[in-house]
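Shared between the two complexes below is chain A, which has chain B as its partner in the first and chain C in the second.
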Partner chain A sequence: MAAFWNYLSSNFDTLAEHAWGHFYVVALGLTLSSIIGISLGMLSYRNPTARAASLNTSAIILTIPSLALFAIMLTLPPPIGGLGARPVIAGLALYGLLPIVRNTIVGLNEVDQAIVESALGMGMGRRERLFRIEAPLAWPVIVTGIRVSGLLMVAIATIGSIVNGPGFGQMLLSALARIGSATATPQALVGTLGVIVFGICLDGLFRLLVHYTTPRGIRG
Partner chain B sequence: MSASATDTAGRSSGGIWIRPALIAAIVIAVFVWINAVELDSIEQRLLATDAIVSAVVRHIQLVVISTVTVVALAVPAGIALTRRNLLSRALGPPILAIANAGQAVPSLGILVLIAVLFRALGFWPTIFALVLYAFLPILRNTIVGIEQVDESVIESAVGMGMTKRGVLRKIELPLAVPVVLAGIRTALVINVGTATVATLVNSGGLGDIVYGGIVQSRSTVLWAGALLVAALALAIDFLGGLAEDKLRPKGI
Partner chain C sequence: MADSMIKLEELTKVYEGTEEPAVADLSMDVPEGEIVVLVGPSGCGKTTTMKMINRVIEPTSGRIFLEGEDVTSTNPDLLRRRIGYVIQQIGLFPHMSIRDNVATVPRLLDWDEHKIDDRVDELLELVGMDPGRFRGRYPRELSGGQRQRIGVIRALAADPPVMLMDEPFGAIDPITRERLQNEFLRLQADIKKTIVFVTHDIDEAIKMGDRIAILQDQSIIAQFDTPEEILTNPASQFVSDFVGSGAALKRMNLTRVGEVTLKDWPTARSDEKRDTLRNRLDDAEQDQLLLLDDDGRPRRWLHAQDLRTDDELTSVGEEVHGVISANSTIADALDQMLRSHYGTAVVVDDDDRYTGAVDMAVVLAAAEAMGQSAGADAQHRLADADVETTDEEQVSG
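What follows is the complex of A and B.
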C-alpha cells in the first residue's frame, strides 16, 4: 500500500498527462460517434430495412475484437491511419455506434403517435416534426445511449495504447515491460484505477447532463 | 415500442444465414489472399498454415475454458445471492453495485495486474484473468434474471404447495434462462476480444498474428490476423445466438 501512495505522489505529472490523453481520445471518439450514430438513427428509424441494416452493421462492429479494429485503423490512409491518437479515435468512434444508433431509433419510435399526429395536424412538415417534436422527446433516451457508449470507450481506449494511442493504457504497457521490478505493480494498479475513476466521473457527468438537458415538461 | 421490441437486439434480426455467409467469405478471402500475394520470410513465418491453425485452436481453448469456468462459478453465486436469507440480503445490493461499476474495469488492466502481481505469463494466468473479467457481468445477469421473475408467479407456485427448491428449479430458473443466456453470450464475445489482447502476456492465440503484424510493420499479416479474429468473434456470437434460441424454454 505504501508503494502505491509513493508511486502516486512521485508520478503525479505522468498521471495527469495520461489522464489528459485518455480524455482526449474518448472525447473526440464520442463526439464523432454521436454525430454519425444520431444521423444514422434519424435516417433509418422509419424504414424497417434501413433500421435493421444500421443496427446489424453497428452490432457487427462491436463484435470485432478491439485490438483487431485498432490495428486495421492503423493501416488506413492518413486522415484516419498513421501513428498516435488518430487510429484510436477512429476505432472508438466506430466501436461506440451501436448504443447510440439503437437508442436513437428506439427513442424516436417510442414517441407517442398521438403527439406526432397533432404536429401533422398543425401543418408541420416531416423535417419540422423530427427536429421540433420527436427529437426533443427522444433526447433522454439518446443521451443515455451516448453515456453507455462513452463508458465503453473509456475501457476500450486502454487497448488503443497497443497501437501507440495516448492514455492510461501507456502506464499498463510500461508496467508490463518492467514486470518483476518494484514499481510494476503500483504502476499497473494506478493505471487500472485511473481508468475506473475516469469511467465513474464520466457516468456521473452524463447523469447530470441527462437531467439538465431533458425538456422540463417530460422530466421524470 | 412496436418496432423496437423485435430489432433492438440488433443481433438476432436479419436473415439468419447472412452471418455464416459473411464469416465464410472473410475466412476464404483471407486464405485466397495470403496465397496469392508474394510474402517475405517474416510474413511466411507468421502466416504459415500451421501457425494459423494452432493460433485458432489456442484462441478457442482460451475462450471455451474461461467461459465454462466462469459460468460454473458465477451462475451458482448469482442464485445464492437471490435466496431470501440474511447473508444474501446483506451481500446482494453491494455486490450488484460493484458489478454495475465493474463495467468500467479495463480488460488490459486485469491482464497486466495479474501478470505483474504473480510474475506469471502464459496460458493459465490468461484464463484466470478472463474468468475474473467475465465474472461480474454473468453474476449480474443471473441476479437480474432471477429478480425480474414476477412475484405473483412465485406466490402462486408457493400456493400450489411447491417447496423453495421446487420454486427455484421449476419457476425461477426457467424464467431467468433468457437473461442468463444473454449474459453468457456477451461474456463469450468479451472473452474473444480480451483473449486477443492477452497476446501481450504470452497467451498465444490469434492476437499473436495481429500483434506480430503491428510490431513487424507487416500490414498483410496484421489484416489477416484481424480479419480471422473478427471472423472467430462473429462465429462464436452466432453460435451463442443459436444456443440462446434452442435453450430458451418454450412459451417464453
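What follows is the complex of A and C.
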C-alpha cells in the first residue's frame, strides 16, 4: 500500500496529464457521437426501414473488438487514421453510436401520440413538431443514451493507448510492459483507479445534466 | 339556414389496405356560428370525418370548403392554424407552461409577444382561471377540468372562426363534465364559433348541438336536424334506436333553466330577527327558508324548528348541496332535485348568487310547454304536407 501512495505522490503530474488526455478523447468522441447519433435517430425514427438500418449499423460497430478497430484505424490515412488522439476519438465516436441512436429513436417514438396529434392539428410543421415538441419531450431519454455512451467510452479509451492515444491507458500499457518491476503494480493500480474515478465523476455529471436540461414541466 | 362556414362535398376516405371506405361520399354544410354534433356508434367514421376537415386525415376524394374557399389541397399547416382543434386526451404540451401552451398558434402566426401575453390573460379570465396564478404553471400541476379548459382556450387563442372538438369532455368525471359543458355553452353564446363536435353520447349531442348529424356506418347521414326534430320525428328506425327509449325524458335536455319561470323561494339573512323569519315561513307555502350569506349566495335550508333555537343561523338547518345555473338543462335540474332532500334545485348566477328555484311544478310546466311546441311543430308539418299533396293533385289534375 505504501508503494501505491508513494507512486501517487511522486507521479501526480503525470497522473493529471493522463486524466486530461482521457477527458479530451472522451469529450470529443462523445460530442461527435452525440451529433451523429442524434441526427441519425432523428432522420430515421419515423421510418421502420431507416430505423432498422441505423440501429443495426451502430449495433454491428459495437461488436467489433476495440483492439481490432484501433488496429484498423492505424492503417487508415490521416486525419482519422494513424497514431495519437485522432484515431481514438474517431473510434470512440463510432462505438458510442448505438446507445445514442437507440435512445433517440425510442425517446422520440415514445412521445404521447395525443400530444403530437394536437401539435399537428394546430398547424405545426414537421420541423416545428420535432424540435419544439418531440425532441424536448424525448430529451431525458436521449441524454441517458449519451450518458451510457460516455461510460462505454471511458472504458474503451483505455484500449486507445495501443495507437498511442492519451489517457490512463498509457499507464496501464507501460505497467504491463514493465511487469515484475517495483513500480509496475502501483502504476497499474493507479491507472485503473483513475479510470474508475473518472467514470464515476462523468456519471455524476450526467445525472446533473439530465436534471437541469430537462424542461421543468416534465422533470421527475 | 345561415351561410355555411364549412362545406363538405362527397368526402370519401379509404384507408390503405382496406376495401370498404371508412367515410363514403359525405356531403354536409355546417352553418356559421352553430354547433354541429356528429354522433353515431363507434366505428361509424365520425372522428375520421371530423379529422378530414383540418386534413389531419387526408381525404381520398371529395372537396372541403372553408369560408367558401376550396382548401382540399392548400397548405395543410396554414389551414390548421385557422381551425381550433381539441381532442379527447387534450394533448397539452407537458414541457411548456400554460402561457406557452396557449400561445402555440399565435406564435406560429408570428404575433407580437405583448399581444400574445394580453391574449393569454384574456383567455384565462374567460374560463375563470386567474392569469397570475395559472400563467406560469405546467399542465401536470392542473386538475383534469382545468386542463380541459386550457385545451379549449389554446384552440381559441388565435380566434379561429372554426373549432373541431373530438369528444372534448370524454375523459372527465360526470360532475365536472356537466360543469364544463355548461361553461362551454355559456362561452359559445358569446364567441359564436362554428363548431364541429364529435361524441358517441346522444345525450351530450342533444345538450350541445344546435344541429345533430346521426351517422351510420361509413358516415352515412341517417338524419341531420335540430335536436328537437330528431327527438320528435326520428327519420328512420336506426335513428330511433340510436336515440333510444325515453325521448320525452331526453327532451328535458333541450330546455334550459334560464328559459323557464323560476319559483321564488322565501329567503332569510343571518341578521334578520327570528320573529320576522318565523312569520315569513308561516306565510310561505314552502316548509323551509333558504338562508343566504351577505353576498346573496345560498347557504342553508332552515326549518321551523331551526328558527326556534337561539343558535347562529349559519350552524342550524341543513347545508345546501349542489346548485344549478341558468345554463343547466331541465334534466340537470331534475337530477339535482332528486338528489336534494326537498325536491328543489337552487339556481344561482355567474357569481353564485341565488336567483330562484326549480321544483316539480316548474319542471311539469316546462315539460308541458315542450310538448306543446313539439305538437305545434308536428301540426305545422302536417299542414305543409297537406299543401304539398294539394299541389300535386292540382298538377296531376
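In this text, the second predicted complex is superposed on the first by the 220 of 220 C-alpha atoms of A that agree within 3 Å, B and C clash if a C-alpha of one lies under 4 Å from a C-alpha of the other, contacts with A are read in each partner's own complex, and residues count from 1 in each chain.
Rule of thumb we're sticking to: contacts are C-beta pairs under 8 Å (C-beta built on N, C-alpha and C of every residue); 3 or more make two chains touch, one makes a residue touch a chain.
If you're wondering where the values come from, they're calculated on a predicted model, not measured in any experiment.
In the overlay built on the shared chain, the residue A:Ile179 is in contact with chain B alone; chain C does not reach it. Between chain B and chain C, it is B that contacts the larger number of residues in chain A.
Looking at the shared chain after the overlay, A:Val106 reaches chain B, while chain C stays out of its contact range.
After overlaying the two complexes on the shared chain, residue contacts for A:Thr14 are found with neither chain B nor chain C.
Touch criterion not met for A:Ser39: it reaches neither chain B nor chain C. Residue contacts after overlaying the shared chain place A:Arg51 against chain B, while chain C stays out of touching range.
Contact with chain B, but none with chain C, is seen for A:Gly191 once the two complexes are overlaid on the shared chain.
When the two complexes are superposed on chain A, none of the residues of chain A touches both chain B and chain C. Those residues of chain A whose C-beta lies close enough to touch chain B in the complex are 45, 48, 51-52, 55-56, 58-60, 63-69, 71-72, 74-75, 98, 102, 105-106, 109-110, 151, 154-156, 158-159, 161-163, 168-169, 172-173, 175-176, 179-180, 184-185, 188-189, 191-192, 195-196, 198-200, 203. Within the complex formed with chain A, the chain B residues making contact are 1-4, 7-8, 10-11, 13-14, 18, 22, 101, 103-110, 112-113, 115-117, 119, 121, 189, 192-193, 196-197, 199-201, 207, 210-211, 213-214, 219, 222-223, 225-227, 229-230, 233-234, 237. On chain C, the positions that touch chain A within their shared complex are 54, 56, 76-81, 83, 85, 87-97, 104-105, 108, 138-140, 151, 154-155, 164.
Chain contact summary for the complex, chain A toward chain C: residues 112, 114-125, 128, 133, 136-137, 215-218.
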